[in-house]
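Take a look at the structure set out below.
Order of writing sets the labels: A, B, C and D. Residues in every chain begin at 1.
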Amino acid sequence: MSEVGIFPIKRLDVPQAGNRGQLLAVVNEIESMLARLAHDGSSGSIDLRGLPISPDDRDHLRRIFAEGEVRAVIHALGRTEVYESIVRGVWWVTHHDDDGRIAAEFVEVTYMPEILKTPPDDIADGLETLRTQLPTLAEDCHRA
Amino acid sequence: MIADIDTLHPLETEGARLGIKNPAQRYDRQGERNDQDRMEAAMRAFAHDFGATTAVYLESCIHCGMCAEACQYYVQTDDPRYTPVRKLEPFKQAYKREAGPFAFFYRLFNLKHRVTVDELQEWQELIYDSCTMCGRCSLICPMGIDIARLVGQARHGMFQAGLVPHELWAVAERAEREGSPLGATPKVFKERIDWLSDEYDVQIQVDLDSADILVSMSSIEIMKYPQAIVATAKVLNALGEKWTIRLDGYEATNFGMLSGNAQWQKDLSMKIINAAVKCGAKMLILPECGHAYGAMRWDGANIYGKPLPFEVLHVSEFLARNLRNGRLKVKQVPKSVTFHDPCQIARRGGATQAPREVLAKLGVDLHEMSPGGDLNWCCGGGGGVVTIHRADELRYKVFQIKMKQVDESGAEMLLMSCSNCRQTFDDGQAHFKWDKTAHSLLELVADNLAR
Amino acid sequence: MTLLDFARGAAMKWSIAVFLFGVLWRLVGVLLLRRAHDYSQSRGPSLVAGALQTIITRSWPRKEFRASTAYGVAISYVFHIGLAIVVFGFVPHILLIRSLIGIGWDGLPSGVIYFCSVVTLIALVMAIIRRLTHPVLRLLSNFDDYFSWLVTAAPVLSGLLVVAHFGARYETLLAVHILSVEVLLIWFPFGKLMHSLLLPLARGQTGAFYARRGAST
Amino acid sequence: MSHDESIGESLRKQGISRRAFMKFCAATASLLALPPGMAKVMAETLERARRPSVIYLSYQECTGCGESLTRSFSPTLENLIFNMMSLDYYETLQAAAGTAAEAARKTAMKENWGKYLLVVDGAIPLGIDGAYCTIAGESAADILTEAAKGAAAVVSVGTCAAFGGIPHANPNPTGAVAVSAVVKDKPVVNVSGCPPVPEVITGVLAHYLTFGSLPELDHLGRPTVFFGNTIHDRCYRRPYYDEGKFAKTFDDEGARNGWCLYELGCKGPVTYNACPTVKWNQGTSYPIESGHGCLGCSEPDFWDKGSFYSALSTRNWSGGTVLGAAAAAGVAIGVGAAVVSRRRRAQREKEKQS
């Protein structure tokens, strides 16, 4: 028993009221998405924000789709963490904001999450950047 | 023997049933009056009965229909018209318009229209022909509505409207006029007593000025089962009681009550009460007659307007008491017996155990009917129904329940303690050529008195 | 003012007022009628005991009547008990009762209430089907019977719709539910629903009547 | 600020990468409950869209809505939306004052006539010809009416603007009304709440920017995507409601165990808002999670619906006298009915005698 000001606070280990039915539904949906991906290559995604599942269930989901081989971090207006789960083809994408809080979270069933792919315009920009460097590089090489 | 009795409503003496002769033409409107007049009279009579007790009942019905299952008429015909509480419809309608808390609105908006003579006429069959006021429905009602009592009250209006089945009206009228519904006038009765005391060598006290016990009889017994008089005398003499029969008050049946004439009911009851008071009786013994018990044991004091100055016992109660206290001794009767409980004595009278005590003393092997005792099926002749000729067909239908019950009991002997039931059984026996004969409990005791 | 505000406010107040007004009118109007004194010598030891006994024992049929009445009685029992559980066991109902009369108690899990409501509704539907098909009931039934059924079934159905969020927006359904109860309250004194209050009176006077006679009820 | 450059160009200039923008779109699509594939569409559309002009007017309000919206000034994900708009007039934030400020508004209106988005917070007082709230000598109602004429759409931010809110509360001394009571001929979207969830405001703006239209609205003009469910339906404490486990006071065992707050007056069952899913303070929590029942602040007249602490199913009236009078009248008429009935009976008796 500790106290916060005048209010006695009693810590209780109360199990969150879970709803395993919801969890099962989510995992079933991921399973069917994965089957579709295997069948015709179409990707799918679940927005974890919209799911009315308890924190307990969310933890459980985390354990089922624990981190596997691949992990990537994107730095753009806060960190975005992407990993492929031990269930291959199922990715877990977490967007954080500048304060490190979760802004959006998805389970993506795909070959590679969209956010990791380079946008075409960026490729053009990259090409341009590289090309601006090429003459100088050529000059340097030449000089050498 | 009954040659010189009144012939205004001639008796039918041949058949198994004693009653008024079936009129050639149905004539079930008494008197020459216009409909308006009949209605007003009915309403006045209804209104008389709209006290708090009746009001609570009439307000309470939830139309659950359970009473139908208790009614012999419904059970035997499957005709929903015979649902007991429906038999009260005009009465209820009158209550809602005349006396209920919302009566004003019922009248203002005509939510329940005025009861009409045609309606009452239609209901005549339901209130009289198909209700013996046996009270089984009163025991099934989940709201506890005493439907049988309400039918009794509804008959008051019917009588005042002059809408009583003719034979029932006629016997009641004879009772009021002659002192007996079935020709047992004081003169006839006296002749019978003289003949019986001679024939059976039994002393029958008549018209003592002072006696401990006043004995009353049913005219059915006097006219049809005179042995009952002998049996009563034998028992009382064996006990050495100071008893008497008085010619100014002996008729225990009350067709005033059954037909619905409250005034006649009072007149008939007061004769006995006055006779008992006159001779200073401490006890009035009622004969083997069901409705006589209800009329005197339970209604008597209320008609008198104060507690009766004497005790009222049904003869079976009297027998039970004296067998219990050992003053009366009987021989063992090694027979199997089934007992038919008269509705007004058992279910509605509360004297269900008395005959069983008597039977136990007689040592008979009692085979109870199923259901028996308080829920025994009615013989179908009570409430004056046995007098109504047009109801015969229906009555035979419901009597079949009784035959089945008796047959299933497997007993050798059929006993009862009501002469009206007994004549209904006799009539049914004759009609169906049945092998069972009804016997009187009192006579069985009298025949087996031990020294 | 929204429909819900109306249902929780003026409609509730006035429906309760009508309920009280009508119930007292009817009860007082009946009980103040003349009650004749019975002079007959009583056989039973206590009329009050007889009255109380019958009030209780008439709650179920005697064994001789059981077989023929079982179906109807069972249906009635189911919906009466169901209604009692739903009305007095559901926490929002208890809170309302507490806010009205200051007495409250612990509620039952909502799941139990939902289950009971469904069972109650099924029993009510069976009851009305029986009323519409059984020859005796069809003959006896009048407007009161059908309307009383309607105002009893409506709150159960609308209550279920509220928890199921089915058919309209929640607050609309809730308002309709509350209003349906208010219709019941307004109708209560004027129809057969009064039997819940008349029952002890009718049974009691019969119980006393039979106790006086020493007959069984 | 130029209205001519595309949002993409503008963002690039501010050093916001395409991935960062995609991330924003993913988060916004999620917020708007759009199918995840829509994030890509959104990114592509916005990239090329022009930056719209936004005029933000404030009337009878407490600035709570503005606070909610602009709590953080760094270009974070949530308010990235403001980098996509040209906020041409907002009294609370703008540097300009006095006639310069009014001039800015008039210019923006003129330049973008028929195209700008009008955002309003606060109720509009109509009492004594609008004199309760005037800016630069003009009444709130007049300014709003004029500004609305040239607006493409109007966004009422906060319950005051949406439904009249606290200024409208009984007895409403200033005659305050909602924006929709003044603006009749323009699409008005109500983003109610006291204050509204900031993400809901940005979500509506993002929807408008992406699709050029307002989202689907409920019967109270609120976007169904945020106001389609009750607090109660999405509440993490809902299982306790279903189990019948309720906190009876704010510091009992039930309250500590996180049981349902229905008995403590929570209006969650009749309140439509996104609090339980979007939450507040970057998704930290929402009132019920903090242990207090919902006040129902996103509903019309929430201030006038009885105590915040009396349960929803209870009465919201007092009327002991009415009930007492009804009971007394019932008894009186009952007595009267019985007396009349007895008299009628006695009269019948008399007729019978005669």
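Odds and ends about this structure:
We take it that a contact is a pair of C-beta atoms (placed from the backbone, for glycine too) under 8 Å apart; a residue touches a chain by one contact, two chains touch by 3 or more.
This one's a predicted model, so the numbers in the text were calculated from it and none came from an experiment.
Common neighbours of subunit A and subunit D under the contact rule above are absent. For the pairs B-C and C-D, the larger set of C-beta contacts lies at B-C. Look at where the CA atoms of subunit A average out and do the same for subunit B: the two points lie 94 Å apart.
Annotation: 38 Å between the Cα-based centres of subunit B and subunit C.
Each chain gets one centre point, the mean of its Cα atoms, and the points for subunit C and subunit D are 42 Å apart.
Centre-to-centre separation of subunit A and subunit C, using mean CA positions: 58 Å.
Residue positions of subunit D touching 2 or more other chains: 243, 334, 337-338, 341, 345. In subunit A, no residue reaches two or more other chains under the touch definition. Annotation for subunit C: residues 25-26, 28-34 touch two or more other chains.
Contact annotation for chain pairs lists A-D, B-C, B-D, C-D, with touch applied as defined. Against subunit B, in their complex, subunit C makes its touches with residues 25-26, 28-36, 38-41, 43-44, 54-55, 58-59, 61-62, 64-65, 68-69, 72-73, 76, 134-142, 144-145, 190, 192, 194-195, 198-199, 201-207, 209-210, 212-217. Within the complex, the subunit D residues that touch subunit A are 16-20, 22-24, 26-27, 30-31, 33, 36-37, 39-40, 47, 74-78, 80, 234, 236-237, 239-240, 243, 251, 256-258, 277-278, 282-284. Of all the residues in subunit B, the ones that touch subunit D in their complex are 40, 43-44, 47-48, 50, 98-104. The residues of subunit A lying in touch with subunit D in their complex are 7, 10, 12, 14, 16-17, 19, 44-47, 49-50, 52, 54-55, 74, 76-78, 80, 95, 97-99, 101-104, 106, 108, 114-115, 119, 121-122. Contact residues on subunit B toward subunit C in their complex (touch as defined above): 50-53, 55-57, 59-66, 68-70, 74, 78, 80-81, 83, 85-86, 99-102, 138-146, 149, 297-302, 304-308, 311-312, 346-352, 371, 374-375.
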